[in-house]
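Before anything else, here's the structure in question.
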Amino acid sequence: MIEIRFHGRGGQGAVVASELLARAAIMDGMKASAFPSFGSERRGAPVMAFCRIDDRPIRIHAGIYEPDYVVILDAKLIKIVNVLDGIKEGGKVLINSPKSPKELGLESDHDVFTVDATGIALDMGLGSMASPIVNTAVIGAFAAICPEVKIENVIESIKQAAPAKKEQNAEAARKAYDSMKGAR
Amino acid sequence: MLKSYKDMPSTPVSLQSTEDIMTGNWRTMRPLIDEEKCIRCYICWKFCPDMSIEVEEADDFPTVNLDYCKGCGICANECPKDAIEMVREE
Amino acid sequence: MMEVITSNYAAAYAAKLSRVEVIAAYPITPQTSISEKLAELVDSGEMDAKYIKVESEHSAMAALIGASHVGARTFTATSSQGLALMHENLIWAAGVNRPIVMPVAARALSGPWTIWSDHSDVISERDAGWMQFFCENNQETLDMIIMAYKIAEDREIMTPAMVIEDGFILSHTVEAVDMPLQEEVDDFLPPFDPEFKIDFKSEPRRYAGVLAPDWWQEHRYRRMLDMERGKEKIVEVERDFKRRFGRSYGGLVEFYRCDDADVALVIAGAPTGTAKDVVDEMRDRGKKVGLVKLRSFRPFPGEELVKLNDMVSMVGVFDKSYTMGQGGAFFQEIRNALYSPDGVPIKNYIGGLGGRDVTKKNIERIFEDLLALNKEGKVDRIIDWVALKGGPGRWE
């Protein structure tokens, strides 16, 4: 089983990202579940969302404390939240940032990848400068670093279930995936 | 730092003042007051739901308390002179 | 058809598939998306039901009691404070044989404020006279609502049913759910056809009037018989459901790996799934542990549970609520059912209160405790509070 934790801000689409990813895995014949950090949320507040993917039925209903992957939708959260809390040894980190991991100065033994999801989202007309919709680009990039997730399923999942602008969101995922040439 | 059920107060009551909670880090946008346009009507001060616009002395220009300002933008919305601009928090 | 949805949406679609006719709902976290989704479905015309927007949960239940008397299949959903607000009308509905089906997103009752999951809200209504079914996952929520109508509307039962989905933990978690087709459900669940329904023109009658002391006790006795008949009907309906839809949940309780187990833990709701994983892992390490999933709390499956006296030599009962009795509600009633001179020793574990996560480590510790006590042949304490900060015992 792989466990993924997303860090974002309320309204950025971290929860939708986790659900689209679960849907992508299920399309592929895997089992998956996704859930947010439970409680009242507000736009702009740090939130977490979670996803489990396995080839066997997922019966567990407890929280995720030792994720295999950490996905950060807003790089500024790195200073505010302990984003790497509990990450497994050998776990991978994906950050939405135009900078390279080195430039971000994230000290870590883990594999850190970056993707300019904000740039891609704005290019595709998703959201605005103040609040770009980065989640689909981010999960597209995620497919490049996670062998259990296929980009075709991610794109299909977005086309089926993205709340709006399905084609643009799917394209954003594709572009983000393609930009991760080094990772694949 | 609470460690045990024994450390809790005898009835549910908060042990911390809300002043200790810096809601300023909720912001993604911050208000910028242009003193050239500002007429010191203090409508922004009146409307701020968080008491985060401050006027230290009479006739001063209003200032934003960035420790608590959540960036809701109500001040910018209410300013009759459009003297307040919401800019992205960097 | 595979859908990837929350338990709340599963509940809403189950209501649609069950062709409910009258919905009266009021929003409350974490149930709100049930009411919202149904409002959407009714508004778009996708669902042919009357949606009454009421000012409170108390009114919601009142409206449904009325609608049910006219012969409509009725539905609402609530949680914690909302359930508490409906309290007198819950008892009314059960007292006058209204087969209303209601998902409850189990959430701790406040004081101070909480919105997170535990079973205190539904446990506080165990005396209301409703059937109470606890779901382990989103698929079970959907299936159980459909089955609940079939059970509840049986003319020899005519008792309302709560289908319980742990708040947030199921209500807001997305899982794969196999959605049955409308034709399949229509085939399984016929329209509501009560023996008596309000008909002013041809058969004017007075419904739910005063019942004096000379016949009240007999009425309660009949209500008891109705609830008892529920036990057989639940098993029968599940057998039928399995035949048609391929899914079954074990009836009133599910004994999971209890054959040749030394100890067993009785547990209900979402943590059951987590506990099953722990049972498998511990079994792989040679520990003889088993689990009993309590699906039906009302009607109370005493005849099933008493089998534990012969199956294992130590029983634990996990309660996700504590309401000031000698032990939690499940523990009290199970100990009562198992009572006998040679009854198996039983210990109560209180945990998961107010949304506290019930982890695999917590469950493992419980089983280790039970195995250790089993060697002694008796319990050390009646109750242990799981992972209590500052509490006794080695918990994580």
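To keep things simple, chains are lettered A, B and C as they appear, and every chain counts its residues starting from 1.
The rule is simple: contacts are C-beta pairs under 8 Å (C-beta built on N, C-alpha and C of every residue); 3 or more make two chains touch, one makes a residue touch a chain.
Predicted model only: the values in this text are computed from it and were never measured.
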Problem set entry | Chain contact topology (line, ring, star, complete or other) | complete
For this session: Looking only at C-beta pairs in contact, point me to the busier pair out of A-C and B-C.
Result: A-C
Problem set entry | Centre-of-Cα separation between chain B and chain A, whole angstrom | 32
Problem set entry | Averaged-CA centre spacing for the pair chain C and chain A, given as whole angstrom | 35
Exercise. Per the centroid of Cα atoms for each chain, what is the distance between chain B and chain C, given in Å?
Worked result: 46
Exercise. Can you list the chain B residues touching chain A in their complex?
Worked result: 25-29, 70-71, 88
Problem set entry | In the complex with chain B, residue positions of chain C that touch it | 112, 388-391
For this session: Flag every residue of chain A that touches chain B in the complex, lowest number first.
Result: 9, 42, 44-45, 80, 129-131
For this session: Using the touch rule from the top, collect the residues of chain C that touch chain A in their complex.
Result: 2, 4, 29-30, 115-117, 136-137, 166, 168-170, 172-176, 270-271, 273-274, 276-277, 355, 357-360
Seminar exercise, completed: Within the complex, chain C is touched by chain B residues 2-7, 12
